[in-house]
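Okay, got some structures for you below.
One chain, chain A, links the two complexes that follow: it is found with chain B in the first and with chain C in the second.
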Partner chain A sequence: MTVFAPGFFASSPVHVALVIGGISAVVCGLVGTFTVLRGQSYAGHALGDLAVTGGSASFLANVSPLWGFAGIGVIAAGIMDMIGIRRPRGRDLATGIVRGAGLGLAALFLYWDTTSSSTTGVSITILFGSMFTTSTSVVPVVLAFGLPAVAIVAILFRPLLLSSVSPELAAVRGVRVRLTGLACLLAIALAVSLSAITVGAILSTALLIGPAAIALRVTNTPGRAMVTAALVGLGATWIGIVLAYDSFYWPPSHDGWPVSFFIVALIFFSFLVSQLFGRRPGRVIRAEG
Partner chain B sequence: MTPAVTADETRQVLDVDGVSVRLAGRPILDEVRFAIEPGEFVGLIGANGAGKTTLLRVILGLQAATAGSVRIGGKPAAHARGLVGYVPQKIQLDPDMPVRARDLVALGLDGNKLGIPLPSRGKRKLVDEMLAAVDALRFADERVGNLSGGEQQRVMIAHALISKPRLLLLDEPLANLDIRSAQEIIELLSKRFAKQQQVSVLISAHEMNPLLPVLDRIVYLAAGRAATGTTEEVIREDVLSSLYGHHVDVLNMHGRILVVAHTDEGFQVLAGDDRAAEPGHPDHSRTGMQA
Partner chain C sequence: MPAYRLIVATAAGAAAALLVSACSSSAADTNSSAGKVVAVGAENEYADVISQIGGKYVTVSAIESNPNTDPHTFEASPSVAAVVSAAQLIVQNGIGYDTYMNKIESASPSSSRKVIDVQQLEHLPNSTPNPHLWYKPTTMPAVAKAVADDLSVLRPKDAAYFKANVTKFDNSLKPWLAAIAAFKAAYAGTPVAVTEPVGDYMLQAVGADIKTPFGLQADIMNGVDPSPQYVSLEDSLFAKHEVKVFVYNQQVTDSLTASFLATAKQYGIPVVGVYETMPVPGYNYQSWMLAEVNALRKAVADKVSTERLVP
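Here is the complex of A and B:
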């Protein structure tokens, strides 16, 4: 096995992949920390599933799947908020209903996609990512979606944290809890759309939730958790790209393994390691007194 | 001679004036009326479902009153946010959440502000002083989710008081605490904050006995109506019987006060016992005592 196989740094698709994957991983790490903190992992997962709907619709409309991923995410976030994602029991219900309806549409769009273009490549691109086939022109769009998502969690850092601890406490301090929650959901939708173009719609929660879960395990403050999650996601994505490039020389068929497999596998094994060897969140034993 | 009255009114930290609340047509609170002065330690006593949380939510401006008004420091409740500190009944922090005690206390200072908080020496000093005031400095750097119930209550009290409010509202802070932790919290609130620092405290509880020795006054809620006064003025058979609308007995059992109603099935403890319940739910309160 070669690390940095010949031509790695000269390859233009690799450059684009490193940039798009890198930006997506950092955005997902920063936003994902709040997704996990606020117990909205299921909402993040549903937004990922819905990205399939958006992605397949964008192929019908002949635009970059990123527009479809983000568009459907923002619409779904709005509907989920309307149905009542703020109530603990309403949350799973709202998410489940929107997710079910979206996946139904996805079945229809994917059917049209495959029958009209008579290829199966479309489904693979949407479901499992398209970093190596994305054109340079998408980079500004990635930034245009990533920056607002990061801005939302940076600006609302303290109100989001306080309303995660207790929505009532936040309301008493003058935080507009519902608006804050909706903004956070929008940031999650944007982050998921970036994740979907990197590792694919089906796997997009892995990049959103995985690094964040690892970071929450090994750090002690929300700020450090955000930075750690971004770095873990970035590491997994870049190493994944290197391995995917190398895998062109691997069996069985010598035409490469999918990059999303490597990224998700790296995140999963890092998570296992953090669970086994990371700092237990258990109590430090103190002398009474 | 009006001056005495106005002087009295400006002294009042909290003035609840004839507050009624109806939710979905059902009366929850009915003409509740009481006032709290600086440094007073007042118990909001009543069974679960008596309207305690609703009353606290009205005072906090989270729930609109159907009738009546609430004034805090002479201002309408909606304009008095900075004057009130609040300790909610439950918070959502499991041990996986990387929020340390000092982070939660700092959020009491600036949790509504926008942007990433920058570390500042002045803020850290304020947080340390507040943690010290509630004897929580020794677990300042631990995750709140890992702390015991009593330790969490200290952190929540520090969170509520760091912005220097004049009124502190606590919703059932003693529920789920062991007797020793409850006593420590009561002493902290009554001696250090009410008496020494003149913070007015309104503390809700369904079990009044641990509080009775230190309460300046009681607001006793039953079925949405309130009787207020000193313990001696309120915990009486005639006052409580008229509040409940039927005869109740006030029993002193070895210093423990029980409010008891006589029902077809025996005695029902209405207050003074952890199993106390509102009338109409006898299944929660069968005590086995027979007439």
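Here is the complex of A and C:
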């Protein structure tokens, strides 16, 4: 069996997947590092769940689910900030309540989707992603959401890092902690929307925090962690696409396995390996967000 | 049927069953007072045949008739449960296409209710890959006869009337069957592409050569993502002009089928729209089927698309 099954490099669905998945993985790696550093993995997960709401709403509006993923993420980030994501004690509660309400709306939208118009496969597309059936017209939108997310973490690199480690110290040094936190949450929301179009809304946290968690295990500075996370995410996504393409010739159905399965599985095994053999076991940089 | 859809269907069925007990008695009272047989077709093409056979002695309703929705993802509501549980005669497709009907029927048992399951009528196994039985020329004559038989049990004194209607129905199918035979004689072996298998029985009847792999058709029907190999293969059928017609299911659509449609048009492949439920208004079963074969002929002979039968 060859690594690249026949037609891999000529296949236009593969080209689109490599581009969209690649951009998303890099953005998620860069933003995800701060998500993990700031202890906001649960917020990232909740934003992923809420992407289901945005995705199902975008089918009602007949636009690419990416618009819904990003739109709902930005709104939810604002709400979470408003009702107290900064206080450690209120944080999980605020996140959980917004998440519950959002998924309730998703149930309504999905019902409307299937009963009012022909939206075959809408649930699979939203929950588990449809990279190989994504149109090339989505590529500019992916860039339009990815670039601001990267810009936020690049511009706010220092203040974000400082407020992640010690909000009090950051405030004393003149960092506008709340504004920085909100900007970071927006970057996470945008990254999650890209992750959702790549591996699906339900699996989107895997691509956001998985590579970042691995990178923080095996590197010792946040800058290196960000680059490593981007590379790990990119590797998992591209290898996942190759495996999904090859799986066309695998049992049981000779019909291909879902690409999101491969990407998430690769990230999971890389995480296990990094836990076992990471250079700095047990020393994850943590913040009291 | 994928597992998640089974779960949805089961949940909908259970919810419907709870509400049936509250609604069924009143619905049955109002309907039976008219003195006609209350009948239900799970899909409106079956309702149409019931209505043609039962004529003035039946009131028929159809559960699925919206040409803009996908019946594969249909979810039964409490009002559907009320209609089904009050019915004395039901025609349903089977093969997992309308499983919610079985759930509602078993939730409101009735010893006098007649249920015609077309899968059972035709002795088809559950593993039958293509559930769209109404496109098969032999299906509806058998359904019409079974409907007449059951109506004759419910209203024995009108048996002759129902029998006459079956003869009338069978005769009215002749233009369609003739069109199929004519197409087959002139264009057997015509290569065609499809999105999903809704029209496959008709395409097989007219002798067309379906170039789209069944794996891709099943993926689109079941709403799962097809492999990129299938997507490339379908695109190349259009790009290399390896097919003469693209048979497009207007009710099972997503961004992928839309992109196939755009590609087909880009390479000038004529498109023929096919349906899961009878397009309304303007058609009965036989005129719908005839229109589909005529549309195929126009596509092959004149390279003219008939994307939709209804606006």
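Quick note on the criterion: the second predicted complex is superposed on the first by the 274 of 289 C-alpha atoms of A that agree within 3 Å, B and C clash if a C-alpha of one lies under 4 Å from a C-alpha of the other, contacts with A are read in each partner's own complex, and residues count from 1 in each chain.
Note that in this section a contact is a pair of C-beta atoms (placed from the backbone, for glycine too) under 8 Å apart; a residue touches a chain by one contact, two chains touch by 3 or more.
These numbers were taken from a predicted model, which means no experiment stands behind them.
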| item | value |
| --- | --- |
| Combined model on chain A where chain B meets chain C, clash or fit | fit |
| First, second, both or neither for A:125, with chain B first and chain C second | second |
| Contacts of A:220 with chain B and chain C, given as first, second, both or neither | first |
| Touched partner set for A:168, first chain B, second chain C, both or neither | first |
| First (chain B), second (chain C), both or neither touched by A:111 | second |
| First, second, both or neither for A:140, with chain B first and chain C second | neither |
| Chain B versus chain C as contact partner of A:251, first or second or both or neither | neither |
| Chain C, chain A and chain B - angle at the middle CA centre, rounded to the nearest 10 degrees | 150 |
| Partner chain(s) touched by A:17 [first = chain B, second = chain C, both, neither] | second |
| Overlay on chain A, chain C to chain B nearest C-alpha distance, Å | 38 |
| Partner chain C, residues of chain A touching it in the complex | 5, 7, 10-14, 17, 64, 111, 114-125, 128, 130, 132-135, 244-245, 247-248, 253-256, 258 |
| List of chain B residues in touch with chain A within their complex | 60-62, 81, 84, 86, 88, 90-93, 95-100, 103-104, 107, 110-117, 138-139, 141-143, 145-146, 159 |
| Residues of chain C touching chain A in the complex | 4, 68-70, 72-75, 215, 219-232, 235, 250-257, 259 |
| Chain B contact footprint on chain A (complex, rising order) | 37, 39, 154-159, 161-162, 164-166, 168-175, 216-217, 219-225, 281-284, 286 |
